[in-house]
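Consider the two complexes below, in which subunit A is the common component and subunit B and subunit C are the respective partners.
Entry: the complex of A and B
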């Protein structure tokens, strides 16, 4: 066995992990998982809140437009009806004379 | 060029249905008026309004009326004094009502009060597809244009709704 082979054997020799290494790795993984879950939850909440806000705004706008259209329609029908009735009444009063 | 002419010929009757005050006259009248009512509802807005009407009372009546309509246009101007417009101002409007399909249903005028109300209907075979009202009073001018399938009976049922007094359509002679 020459020097090179000895060096290679030393380098490739299985060594036990330092004391507490496994616990430290597991703790770090757990901490990262918790952090990842926390940020995922925050992102999901933000998306849900934005979605709900957007939907609320959409419904609010549609309601406002609908109420405005309804008010315009009622005004139009009121004016139209009043004019039609004016003609109706005039014709009626003329007929009464006969 | 032929395509353009064809497009104009096809579009002309559709445009002709829409009775409108000329824009310059509308602006002049609005400037002089003390109060202006401006309603312009196209089919989309009519549909939207319909969704917000209930199935009871006045609103049910309105819902029934608008079901076949394509547009409603109402312009009403109230003036503080007389002479703010001239009958001749309305000629471009009346000219639109001389188009095909339009006929004058009734005209009521009172020289004493200086009032003149005319109702025009647009017919398409056996259907009424448009209605226009020009009401010219000394201190008020109103133009109504309704496009779409109109049932005149439904419109007469407006009396008693929307603050319009209920009118007994039976004549007194019928009662006797």
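Entry: the complex of A and C
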């Protein structure tokens, strides 16, 4: 290294960071951590809400299917009952003839 | 994310890298590289803050203090070059802008130091960063090449060319002082 390079080295020597720089960076990292935690909580809430909504919808659909099956069964039983009544009546009327 | 320490028995154990200590020990380096490059204290502080916030995010990927220092030099160098290009912050420092000297150069001469920094600031971005990393951080051309993602040959030629330019301008200035 010659004299000029030594002058260059001297002129480019390090300088202290501004007063309070360290504290400002630490405050920013803390703020970022809080923001990250907040967003994590929001994301977790969103996932839970979506999960609960999906489960509610599934139960509602199952219940609706059950209700529909029950109604169909009731209709079938009613029709069957009516048919049986008719058969009974026919048999009764035939018996009355003898 | 660990450095080696020793227990009271002399056994080597891994210790986690601690961000506050890394910030404390490297803040002057990061700030100075940015300041010498941008010649703007506010912009240098902003870059330095961003660099440390990025370090905070990536700390888990780094495994030693030396690794952290190299990483910081690399990120600071790239961010400074990007910032200068983006904001067109390249200082158009010409010899005419340099103030007139009050006295002839001596061993400790703030005016001469300032003038040299102005001359460095007049270099193109990449050459400027190469000179700063070489003479402020005392990095070898191989280390600079790694930090800036450049071939070693390019770093060496930029350094040689930049030094020649700086020498010429500085001697012209010094000659002007003596004869003017």
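Note that in this section the second predicted complex is superposed on the first by the 68 of 98 C-alpha atoms of A that agree within 3 Å, B and C clash if a C-alpha of one lies under 4 Å from a C-alpha of the other, contacts with A are read in each partner's own complex, and residues count from 1 in each chain.
Assume contacts are C-beta pairs under 8 Å (C-beta built on N, C-alpha and C of every residue); 3 or more make two chains touch, one makes a residue touch a chain.
What you are looking at is a predicted structure, and each value in this text was computed from that prediction instead of being measured.
J.: Just checking: does A:58 make contact with subunit B only, subunit C only, both, or neither of them? Give me first, second, both or neither.
T.: A:58 sits against neither subunit B nor subunit C.
J.: Look at A:8 in the shared chain and tell me whether it touches subunit B only, subunit C only, both, or neither; answer first, second, both or neither.
T.: It touches subunit C, and subunit B stays clear.
J.: Would you sort A:24 into first (subunit B), second (subunit C), both or neither based on which partner it touches?
T.: A:24 contacts subunit C only, not subunit B.
J.: Considering only touches as defined above, state whether A:32 meets subunit B (first), subunit C (second), both or neither.
T.: Only subunit C; A:32 stays clear of subunit B.
J.: Of subunit B and subunit C, which one touches more of subunit A's residues?
T.: B
J.: Tell me, which parts of subunit A touch subunit B in their complex?
T.: Within the complex, subunit A contacts subunit B at residues 62-63, 65-67, 69-70, 72-92, 95-96.
J.: Help me check something: in the complex, which residues belonging to subunit A touch subunit C?
T.: For this pair, the touching residues of subunit A are 4-5, 7-18, 21-22, 24-26, 28-29, 32.
J.: If we count contacts the way the header does, which residues on subunit C are in touch with subunit A in the complex?
T.: 19-20, 23-24, 27-32, 35-36, 41, 45, 48-49, 52-53, 56, 112-114, 116-117, 120, 131-132, 135-136, 138, 163, 166-167, 170
J.: Applying the document's contact rule, which stretches of subunit B touch subunit A when the two form their complex?
T.: 37, 39-41, 45-46, 48-49, 51-53, 58, 62, 65-66, 72, 74, 76, 106, 108, 110, 117, 119, 133, 135, 142, 144, 146, 155-156, 158-159, 161-165, 167, 171-172
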